[in-house]
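Every chain is named by a letter (A, B, C and D) in the order it is written, and numbering of its residues begins at 1.
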Amino acid sequence: MRLASRYASVRLHTLALAEPLSAEDCMAQSMPDASPVKWHLAHTTWFFETFILEHFEPGFAPFHQDFRFLFNSYYNGIGARHPRAQRGLLTRPSLAEVQAYRGNVDHRILRLLAQQLNDSKLAELVTLGLHHEQQHQELILTDVKHLLAQNALHPVYSPDAPQAGSATGPARWIDFEGGVSAQGFDGDGFCFDNELPRHRVFVEPFTMFSRLVTNGEYLAFVEAGAYRDPSLWLSEGWDTVRAQGWSRPIYWQQDEYGAWHEFTLRGLALLDRDLPVTHLSMYEADAYARWAGARLPTEAEWEHAVASDAVGVEQLFGHCWQWTSSSYAPYPGYAAAAGAVGEYNGKFMVNQYVLRGSSVATPTGHARASYRNFFPAQARWQFAGLRLAR
Amino acid sequence: MRLASRYASVRLHTLALAEPLSAEDCMAQSMPDASPVKWHLAHTTWFFETFILEHFEPGFAPFHQDFRFLFNSYYNGIGARHPRAQRGLLTRPSLAEVQAYRGNVDHRILRLLAQQLNDSKLAELVTLGLHHEQQHQELILTDVKHLLAQNALHPVYSPDAPQAGSATGPARWIDFEGGVSAQGFDGDGFCFDNELPRHRVFVEPFTMFSRLVTNGEYLAFVEAGAYRDPSLWLSEGWDTVRAQGWSRPIYWQQDEYGAWHEFTLRGLALLDRDLPVTHLSMYEADAYARWAGARLPTEAEWEHAVASDAVGVEQLFGHCWQWTSSSYAPYPGYAAAAGAVGEYNGKFMVNQYVLRGSSVATPTGHARASYRNFFPAQARWQFAGLRLAR
Amino acid sequence: MRLASRYASVRLHTLALAEPLSAEDCMAQSMPDASPVKWHLAHTTWFFETFILEHFEPGFAPFHQDFRFLFNSYYNGIGARHPRAQRGLLTRPSLAEVQAYRGNVDHRILRLLAQQLNDSKLAELVTLGLHHEQQHQELILTDVKHLLAQNALHPVYSPDAPQAGSATGPARWIDFEGGVSAQGFDGDGFCFDNELPRHRVFVEPFTMFSRLVTNGEYLAFVEAGAYRDPSLWLSEGWDTVRAQGWSRPIYWQQDEYGAWHEFTLRGLALLDRDLPVTHLSMYEADAYARWAGARLPTEAEWEHAVASDAVGVEQLFGHCWQWTSSSYAPYPGYAAAAGAVGEYNGKFMVNQYVLRGSSVATPTGHARASYRNFFPAQARWQFAGLRLAR
Amino acid sequence: MRLASRYASVRLHTLALAEPLSAEDCMAQSMPDASPVKWHLAHTTWFFETFILEHFEPGFAPFHQDFRFLFNSYYNGIGARHPRAQRGLLTRPSLAEVQAYRGNVDHRILRLLAQQLNDSKLAELVTLGLHHEQQHQELILTDVKHLLAQNALHPVYSPDAPQAGSATGPARWIDFEGGVSAQGFDGDGFCFDNELPRHRVFVEPFTMFSRLVTNGEYLAFVEAGAYRDPSLWLSEGWDTVRAQGWSRPIYWQQDEYGAWHEFTLRGLALLDRDLPVTHLSMYEADAYARWAGARLPTEAEWEHAVASDAVGVEQLFGHCWQWTSSSYAPYPGYAAAAGAVGEYNGKFMVNQYVLRGSSVATPTGHARASYRNFFPAQARWQFAGLRLAR
């Protein structure tokens, strides 16, 4: 697809995600880790305005001087920012004004793309901006789900919201011989800087399960009293279980008759035992694995398994992200880009854990075998489940 | 005015206060102490539905079962409540639905009033509900002001928002002889239970200033370094100054040229030195008084001064609430009403201080000489200033 | 008693209180509100050195320059201070060095008293210092009790530690007519500045119970489920009950057979139902009174009752402090002393409640009818109980 | 050395470390992460009593029933524990009683060793207990240093306290070819479970500096304004710098003339620019490395460098621990021991970073090339510095 078409397509998809939501829905922030949809809509636009228009557009003037401040996320190099935990207080600009901002920037970017067809630096930054926007598309769904889950009315985001599927093949352990294995992005297209450089790792022999852990399997763990047994948990995990009063996955609830339900983007639903369990913290995924006599895979094992094209491995992409036991760290030889764009990945490489694959909320074509998602071990609001290894 | 007319008038005034605001403005909550306008609109309606319709309407059915839970403020007797600090997450019901809720309850209350004209218990509860609504009318303005003040765009609530005036008479100290003085409500109309019973207090001779402390006077205190001098402050006040980094009243800011501005409901404005200083905590009011060689009046002195009809005392009502040094406590013989309505006042009688008078945000006809407003000593978002005594 | 004798007697009594304790016991701080015994020993000495020796002793030199910093409590006028919450980290100076400090200052004060017999300002400050020391004598017992209570070994402070007694006369309500009543210190001896000036208050007719509330009565309140019933509590009290998980008085515990025990300075003991209940917060005292269909007295009522010399009122002094419903506030005409000594009382007059009487831990001769003790409403580690009024 | 001799030697060395300290010094706890020396003395003894005497001694009876509770550190399998943050409140048992406890357990262990000479399980557990004790020997020094540093008197632990030395050889970058490299313990003696199993890793070519970063080099970083420049820090590191107000290493201070001093176990001393910088958090080490155009080594690189026996690499052991960029994670095939002893290492393998080498505080013979020390990224009170890699 030509870049301009792709730009239009990605940008419109973001609007489509916001379409089932009211201006009120788009403004609320349910916790500091989540952002309002309106903020996602504005911030992704700010990214194009700040990193592209400001550098490439002749006679550039900002759409609104204060938006530079309001919609900066974490780029210290760009200057001061509105406090992250107070994004839900931005009743102004209105959603309509933010949509006007999007329209204005879209118009200018498309004009720029038409005029500077062969500027490879421009194309590279627009491509980065689109992948950045796709990351926020996934966050829009995770953040809206968390917001709606706070509401006693159990509101429906959309009756057509995406949903994971169950495994189809036989469930079994699949063996891998390991050895020196190449890891990292290898190809012509786009990748994030954290997937580079491609390098060698040594993988000891291991075995991995053919499918993801299911809701039914995880329910057995819950009902076995796992949330009351410290021996199953990492020390920090157990501290978190007690401090936060965890007793089940974040969106599960049991009704007065003992039936288990799960809050979904389609509203409250009976728990489907065949679907992959999701919205787990790494602490919960790790504890489940220990209880099951297994462990989480490392990210090298996961990528090695995909590269091995092993027969029978399913649910790698498009159901839920899969926690690994690997701390998010730079690959050997990693270098962040210069300037503010370089604040993208490297500075978060501490106290976070890598997730591999992709989820139902991941935009089509966004993920790949070398993609490294990452969140803190206690994060529960992402579409994150697990696959066992030994 | 007949009760039905008064009902309609008060209820419409609430809507008028919300009129300059978008649905987004009405949904945000800037801090746990403040509530969203939409919540105020719904909660005041919930009050009429719960305490009146449920008891008086034949065949009562709630407008929406969950609203009982969502819009309860603090009445433990009524059951569970939505967490106070998360009122800003209620994107559903929408503002339009809340307005429909208001319309429905208004219709039913007015029908009830037409049918049960002579039920004095009904009339009494409707009157209580209207005074309760008026308290929330003032809170709508204080809470919206706090919300808009968080926004770097300095949004305007309304160019016609109410504003205090400056004193007109000569500024001077006025002496009072004191003695045994009656305190508490005395009359035929409505009062809150905390204004009763009328009783005697002994007031030693004192002197009170004819007008409120002005912005200009308070600025001199700021510029004298008062926020850096522990000797002027109550010990807890000084701890708060340091922990919160206070250096000026909450809505004041100084621009790069040294000029002082104040955020108001009309937007950011140059500080008017003749107007009464407002949005002070009791700690700040107390420190200013100490710096000025004076003190805050007690609530008995304040009420005694009003009752004495002293020549020359101005700005008692309609400019800003006036901190007293009196802790909020029950009057001798005070008894809370039975049942959930009785949770109205008594249970807050600890660690709060009484403010007397009324402010620009107080609805017409709401306050009176015996009215007891109360807030914690550190509260700054109310329209609260001070009058000196000695 | 001559002042020098009195000085020696009070100072020795402090050492006697520390006598049953090891150097380790004297160094620990169980919470920021409590202080180590070693700190009390040093701080009371610092008071004499700073406010007396420094001003009256020719050629004054401090015992140790850093003690000025280490043992200042809250006197901002004197300069920087060691952080309050870290007093338990002062392993140096050792207890032996602090005792040497006491000996040195005692020697110098006694020499001064011998030389400047007729200096009334000196006598006044020494007297203030001795009353200050007596306040710390009581705190030594309350703070040590709290410290030892944290230890699973239930250590004994002393088998001879003081203990309250039970009431002896008939239990009954005693009526008071009230009227204009004088309040505040009236006499020749010493009093604190917060007991002055003597002034008039109006007291409405009231009735007060002849004795204190007992452990047995309070146990009935506990067993009636009071700690689970929000209707009995002030709103802040109920928030505290839930946040802190309160379910009984701080030093009570129930063994596996259901028997109630109380941790005392003599170790763990069976709960004596006839003794006055003590170590209550004001929230607990207030809730008990409400449950019993009564209320806490005001401080004016309490003092009026004592002044009335009413037949049958017992347990006023020497058992436990008695919470009143009165916020700690300055009397009309109150003025703090000039200089750092003036930081003694006035700056604490906010968000604290007055207790009257005295406790088993109060040194002989320290309390009087006009004495105003004060603590925050949530404080539980003082010897504080209650007497009912209506 | 025979095991009994080794037992006696290690246990006596612990007492020698406590010898310069008073009972008061041994009781204080300066923060929840640190423990009182008395607690270290008792807990290491508890380890021998609980994991050895209880299982091997015929007719075992505990020295004191409550010590089981008081001196358990984190072994959930053993039962309830005294709260970690309140270890500084254990004034009883006294230091003398804890020393009696040590003597009693020592006597019984030595008797057991004499009687059951050939029990290999016993020998294995005693050996584990001695290595555990050596870990606490290092913690005694780090914790005492932190405690004494809180005291404005700058107390001296010992004028003979151990001290790092400066590098002696030429400073230069040393290249390593990398490749498949074996990692993990390989030998006959003792190692912790986290050093096993020995396994293969792939190490890309890298270069490492011959010596540690010095105080002088780090001072240049401080003086270049690094603590005010977010671009040098990991995002969490920068948040910590601001939240905690960091502006220099924890034990550094600048006097009024601009001279830099460092608090040491020998008291306050002028900063020696040639010694290795120490007491850095991983955030500080990482930021310094970025500023210097380098990075932290991985633990595989560090161990590979040692195994390569590279000419010119110095200060590997005995000066300060060296932060690596490796998250603390299990080696492939790692399995924790069964039972409570198995709580030793595995459950801490999240959100901690590995340090390699050893420090001046590490007991002789305790560390080795495969030794994995670990602390959270924000920990500053350990003897931790850094060595650069690229």
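Keep this in mind: contacts are C-beta pairs under 8 Å (C-beta built on N, C-alpha and C of every residue); 3 or more make two chains touch, one makes a residue touch a chain.
None of the values given here were measured: they were computed from a predicted structure.
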Which chain has its C-alpha centroid at the greatest distance from the C-alpha centroid of subunit D? B
Could the interface between the copies subunit A and subunit B be described as same, meaning over half of its residue numbers are common to both, or is it different? same
Gap in Å, rounded to a whole number, between the CA centres of subunit C and subunit B: 37
Any idea how many Å lie between the Cα centroids of subunit C and subunit D? 45
For subunit A versus subunit C, what separation do you get between their C-alpha means, in angstrom? 57
Going by the touch rule set out above, which residues of subunit B reach two or more other chains? none
Parts of subunit C lying in touch with subunit D, wherever the complex brings them together: 22-25, 27-28, 30, 66, 69-70, 82, 86, 88-95, 147-148, 150-153, 155
Can you list the subunit D residues touching subunit A in their complex? 74, 76-77, 180, 199-202, 204, 206, 230-231, 233-238, 282-283, 286, 295, 325-327, 329-330, 332-333, 347-351, 377
